[in-house]
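In what follows, a single structure is set out as structure tokens and then discussed.
Letters A, B and C name the chains as they come in the text, with residue numbers starting at 1 for each one.
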Amino acid sequence: MPHEVIMPALGMAQETGLIVAWHKQAGEAVSTGEVLFEVETDKATMEVEAQADGYLNDVRAGAGDEVPVGGVIALIGETAEDPAPATPAPEPAADAEDALPEGHNVIMPALGMAQDTGMIVAWHKAPGDAVGREDVLFEVETDKSTMEVEAGADGYVAALLAEAGEAAPVGDTIAVITAEKPDAPVQRSLAGAPATPAPEPAPEPAASEPAPPAKPTPKQPPAPARSDGRILASPKARRLALEQGLDLARLVEAGHPQPYHAADIEVLKSLPETAPAAAAGAASASRRLVAELPQEGFTAFADWAADSAGLKDPGALLAGLAAASLSRDTATVAVERPGRTTLYTVPPGPFARIEPAKDGAAPDLRLRDLRHSRVVQVELGAEEVPVLTLTAAGDGLAVTLECPGGALAAADTVTLLTEFAGRMEQPLRHLL
Amino acid sequence: MSDTKHNTEDYLRMYRQMVRIRTFEDNANQLYLSAKMPGLTHMYSGEEAVAVGICEALTDSDRITSTHRGHGHCVAKGAEFKAMFCELLGKEEGYCRGKGGSMHIADQSHGNLGANAIVGGSMGIATGSALRAKLQGAEDVTVCFFGDGATAQGLMYEVMNMAALWNLPVIYACENNGYSEYTKTEEIAAGSITARAEAFGIEAHQVDGQDVLGVNALMQDLVPRARKGEGPFFVELMTYRYHGHHVGDINREYYRAKDEEQDWKENRDPIIRMRAWLVEQGIASEDEIEAMNSEIREDAAAAVDYALKAPYPDTREVDMHVYTDIAHACA
Amino acid sequence: MREITLSKAVNEALAEEMRRDETVFIIGEDVAEAGTPFKVLSGLVEEFGTDRVLDTPISEPGFMGIAVGAAMTGARPVVDLMFGDFLFLIMDQLCNQAAKSYYMSGGKLNVPLVLRTNLGATRRSAAQHSQSLHALVAHIPGLKVAMPSSAYEAKGLMKTAIRDDNPVVIFEDKLMYNDKAPVPEEEFLIPFGQANIKREGRDVTLIGTSSMVQVCEAAAETLAAEGISAEVIDPRTIVPLDEATLLASAKKTSRVIVVDEGHQSFGVTGEIASRINEKAFYHLDAPVLRMGAMDVPVPFSPALEDITVPTPEGVAEAARRLMSGEMIHAA
């Protein structure tokens, strides 16, 4: 069996060796200890001795070739004519898979101010195509703009090293243009390309260089409380709430101070039941719904009430309609008009019984009457109780309901707004 | 050469062991160069007469501690090729189940307490082994191998002091191969190395480390004396390493001339000298020696082949052998 | 039950084990007639002689290395390292040699030795004689680390350590040598890796090592008067660590403070806190707190030294903050 002549590993961190010169020719007799070739690595050149007696055959790499460590570069056989065994590809050929053609390297250009990568939108040339210096080679997208990039050299596309849709780091070679038409043009993707020539022809793909993240966004410390809807609670309190099907958001609504600990779960359990869906609802999201209706209904009703029933305060009427929509026995409603807020207590029964509430009473609902303001649309975010806002909408009226997710289940908000809009449109019918 | 009473078998075994070491190293070198061996390795080639001359004067119950350049000590103390190559390649059947590698081969069945990757790191261990022998009334002797570079470590002087105070059966064997890693010994060692031992009242000798019979003759004298409580002893063995500090140390002309290497290889090689002496004395013919050499070569080639094909340890072994009584340390 | 000092407990443990197993011997500086500066070993040389209670020169790396070699070859040395601070002198022999030998040899060469040393500040000994360096060795796989908190543990753990087949480092608190505790007359051992629940509690777990167990007990007493029920746990060995007991307590009380006299950063407190965080997270009602020694070299002046170590008042105050939920604002 012929002895394999191998590119030796000589340096501490060496992956390839450059053959400087062969001291023996193919077919020449060699004996153990004779200098076979010279190799350069780690800035040193050294002579490598034959490790077997015989004849040098099948020299697969010549002077000037860079060969991976461990690669077979020749054989020492028993006869000068020892035919090369049917080893498929000689090592340098295998190496060529990793090596790139020599030529003009096209790099991913830096186009933006703070750009780390560029995304290749499309290649305008295929491997092997002839290309002129000013021909558009590819399109690149960066910083939200797309631009065409010229080849920059005349010749042939010998290698495309990234595929359309891939982001290549700025400055990386993404194509090679050679003067001569290439025999075997290379086409690779960034994802599949080895980062550097592998130390040995192991098929294991080297880790691809992932495009560096555009910019490391400094991580903000979590906001101290509430502003982002996050509830501060200990891991144990969260676990207990989860196990018992309790919603910590209800503690928030109840105004119980954060952070919550296991002991606060007892407080949570003692809170009165509200809408059964509350526990299931997404506690943090706020809700907003808008209804549109003609405005004549309420205007006519207000006129009639003032003339016929002696109810001259339209604010009380609004409070009454809103409270009725809440389906609650007695409700406190705050009616806000620009510059003035009035709190009403709305008992069951006729509107005549509606009267201003005591100072400091907590409203169950706010009604913001902006029909006569310039405001046409509101999105003020949830407040602690549901808010109904009236705005003009063309000739008609828009009613916007906003409330915290924990305050009303989704279905309940729809009911509330539908009820209120209905009453505003046809107040008398609902009163009857 | 020595005129001590050796029989033919002893001479042939010494020669054979030296060739086994050289052959082992040639194969290890090739494994490294062909990137088949993980890690780093340090060649003992050139120093064979030291390990063999000393270990041939020891029994299996005598202990040695070895160094990063330890393959020679390991072979000389009786280790097998297969388990050694397996260890070099990180295989399950290696002497240390692949957990030690080239720099940590231990073979306690032959009294090898292990190679050590800390220069001078085993001097305490060797001295402790000798203390144990003395305390327990055992007859074994411990040989501490170390290089000239290790004489710069403070531990050596602490333990030699105690060994001398307590007359311990330990022999400090300083393999002076002329170089402390990439530096000439004369640049790192002031004064005389043997004089340092003598300062503690330790009997010290300097001997030609390329003359296996001379080394062995000295040890045949010192080992029984150490057994009788006349130790410790110190021996400086003048020798030479043919390779660089480690296998990748190729560009070494800045510290060592090629002519010098050539001179040692051609004119002072312990194997060539012993071979010539065997033929001259009529102990073996050239043909017999060639047959022995090729048998060793085949033996080594078979062991390499075996080791290359041998399985790696199961990954479940990774947290085994951290503690004697905890099967998996990370479980 | 009779009460004896921690010093006497260690002395008894050594004497009993040396009577039981003649391979056990003590080696270190001034261990024989002097009985160490703390007089822990007084009387042992009279019973066992200078062959088993070996005075060494002031050569810590030397006698540590010798102990490794003796242990590797069949003896059971107990190394006396006069001050824990001298660990830095013996690091190679302890961490590169003793700790790794069993693993590097693939389970062939174990090192059954005990390293007795100490820890503890507030003895007005300044920065080089006051350190608590147990975390340093607990970091190294292959070493076991025991931390007795009273005379009872000192005896039971020492006897177990001597019988262990691995290298064990025992840290005695040098301020506790004269502290008395009930210790049975009859023989007993304390297994490694079994924490001791010193005091049961409901609201907060105080995990303390060595003398910090006393600190935790005193804090628990204060807290009890305020209606806070603290559980106090002594792991007794930090390698191996009885994670199960610590986690069970953490899950029960939901609040944990780990108290240890090593420097707080990168130390034992952080390690234990981290394991509780990883394995009992959803049972925690507050962040696990670490209380270690201040991250400064130990100062000499009493005015400074006393504020560098955890105190019962400090532990109690931390517990109150945990109970009030105050700590979550720091999280």
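By our rule, contacts are C-beta pairs under 8 Å (C-beta built on N, C-alpha and C of every residue); 3 or more make two chains touch, one makes a residue touch a chain.
Computed from a prediction, not measured in an experiment: that's the story for all the values here.
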| remark: Winner on contact count, chain pair B-C
| query | In terms of Cα-based centroids, which chain occupies the most central position? | reply | C
| field | Rounded Å distance, chain B centre to chain C centre (Cα mean) | value | 40
| Computed distance of Cα centres, chain B from chain A, in Å | 60
| said: Please tell me the distance, in whole Å, between the geometric centres of chain A and chain C computed from their C-alpha atoms. | reply: 49
| message | Quick check: in the complex, which residue numbers of chain A touch chain B? | response | 4, 6, 8-12, 14, 41-44, 46, 51, 69-70, 199-200
| query | Any idea which chain C residues touch chain B in the complex? | reply | 23, 25, 51-52, 56-57, 59, 61-75, 77, 92-93, 96-97, 101-110, 141-142, 144, 164-166, 240
| If you look only at chain C, which of its residues touch chain A in the complex? | 254, 281-286, 325, 328-329
| said: Which stretch or stretches of chain B touch chain C in the complex? | reply: 63, 65, 94-100, 104, 106, 108, 113-114, 116, 118, 121-133, 135-136, 142, 154-155, 158-159, 161-162, 165, 320-326, 329
| Contact set on chain A toward chain C in their complex | 232, 234-239, 259, 261-262
